[in-house]
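Have a look at the structure below, then the notes.
Chain naming follows the written order as A, B and C, and within any one chain the residues start at number 1.
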Amino acid sequence: MDIIYLLDLIGTFVFAISGIRLAARTDMDVFGASVVGFVTAIGGGTVRDLLLDNHPITWMGDITYPLVILAAVPFTYFMGKKLNNFSKTLFIFDTIGIALFTIIGMEKALSLGLNPFMAGMMGMISAVVGGVTRDVLCREVPLIFRKEIYATACLLGAMVFYLGLELNLPENLNYLITTAVIITVRTVSIKWNWSLPKMKG
Amino acid sequence: MDIIYLLDLIGTFVFAISGIRLAARTDMDVFGASVVGFVTAIGGGTVRDLLLDNHPITWMGDITYPLVILAAVPFTYFMGKKLNNFSKTLFIFDTIGIALFTIIGMEKALSLGLNPFMAGMMGMISAVVGGVTRDVLCREVPLIFRKEIYATACLLGAMVFYLGLELNLPENLNYLITTAVIITVRTVSIKWNWSLPKMKG
Amino acid sequence: MDIIYLLDLIGTFVFAISGIRLAARTDMDVFGASVVGFVTAIGGGTVRDLLLDNHPITWMGDITYPLVILAAVPFTYFMGKKLNNFSKTLFIFDTIGIALFTIIGMEKALSLGLNPFMAGMMGMISAVVGGVTRDVLCREVPLIFRKEIYATACLLGAMVFYLGLELNLPENLNYLITTAVIITVRTVSIKWNWSLPKMKG
């Protein structure tokens, strides 16, 4: 499954960049930014693996993940404001990352025998915990709790993916459809400024 | 132990409501509020189970917990400000929840062979971690670190419960006494405005 | 290894004090300060043990750690501002604590068969997670993400320690050299006001 692995690494890289950039805006130094980048990229998978008692934690068993994250630090540093020109590209890979993290989390949970409901939760945890931790470390109220149909997109994707499994779709096709659904929901919701209703005070 | 299980579920429900309501005041959307409600309700038990290496994590092995939490979202949404009229009822069930989470955490730890001191700590972790995480996600300094003899009540309850075990009290009686102690300490301390001394700067 | 154990306990004590004092400045009560002290002192080792699936968590298997932390509460309370006169002593033991936590984390990881890169990361996690959690609970942007060559010192120490292992240095000598390197780097960097470059926004 080479393409999946490659996209997973790219998603990890882009997640790390989002952490590093927010840390930079919070006036952190290079070390702090590296840690925030790291936690953003691996936080979701780590919590999922701990909850599933799945050892070694994914990034601890494959040194490629930490290396990819470390590479994101000088990349972000030297690209600086030029990255603003690539915000669309970053957004696309960020969304692919979310989609893949959801799918990979679900698959891992299903392969360990969890029911589809729990597997969907594990998928969402994989996709959202990193960003939430990033925001807490930078003292923001987590972005995805206020704006964006980010998590809803993951949730819909998780349902579609499970449907694909039940229908015995070929694995690659199922990945493709799920990713397409997540990207579409997220892109359309941002374009048309959809948002979830506020919880009433 | 059907009554215990029922009260545990009610405690979970009420904990979730407290998370959802604080999230609503922090201007979160429905998804963010659901996550905060979830973390408030299961945070303590999850950290306890991880520390004890007790798998599956309680809420992952019994789908009733997530469903009860999910049910708290529309409940809180549609009740809205009407919930203010029930603040006494919520407070009572919240306190019962704290008491039960303390007891259940202790029992789990004792059954795994921990000494009473550690078991007491596991009981307290079960009861307080959820609320602390809720406050961190909503960018509050954790409430129980500033006000209320909340944790002291748990601690006293843990001692009474252990005493009951040593005295071989019938299980139901021990639950009842412990819960009564925790509720009494908490209620009296709020009524008479007791608080722990501030730590000196 | 009695001296190591003793220094580890002193490091734990001093870490707890740093948590308790920051909590006091955040206007917490005695209970809140105790929790923050606790989390500061055991946070790093706990996360390391969870990631390594190393049970029981160190402080859960040795009651001396919790007792040392509990002792830090009245100590800090009654010393009050007098502690300011001992800030140099506290700083030295804090740095020794950092050094030891790094080394102990690395050793544990290496003994479980992790490669040196991952072991170095486990060492850093042991040394920095406690302080980061302390700052999050007190609503500060984590100190070590903004100032101080704290983590860099750990990292250099980890490299020196690994070199010592490869060279088959006697264990005590290797501990001594590593600790000296970490203390020197940290002290010199503070004296000369070195800091890491800010991450560019």
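Here is the rule we use: contacts are C-beta pairs under 8 Å (C-beta built on N, C-alpha and C of every residue); 3 or more make two chains touch, one makes a residue touch a chain.
This one's a predicted model, so the numbers in the text were calculated from it and none came from an experiment.
Superposing the C-alpha atoms of chain B onto chain C requires a rotation of 120 degrees, rounded to the nearest 5. At the interface between chain A and chain C, under half of the residue numbers appear on both sides, which makes the contact a different-residue one.
Separation between the centroids of chain A and chain C, computed from CA atoms only, is 30 Å. Counting only residues that touch two or more partner chains, chain C has 50, 53, 136, 139.
For chain C in complex with chain A, the residues that touch the partner chain are 50-51, 53, 114-115, 117-118, 121, 128, 132, 136, 139, 141-142, 144-147, 151-152, 195-201. By the touch rule above, chain C contacts chain B in their complex via residues 20, 23-33, 35-36, 46, 50, 53, 55-57, 60, 63, 66, 76-77, 80-81, 136-139.
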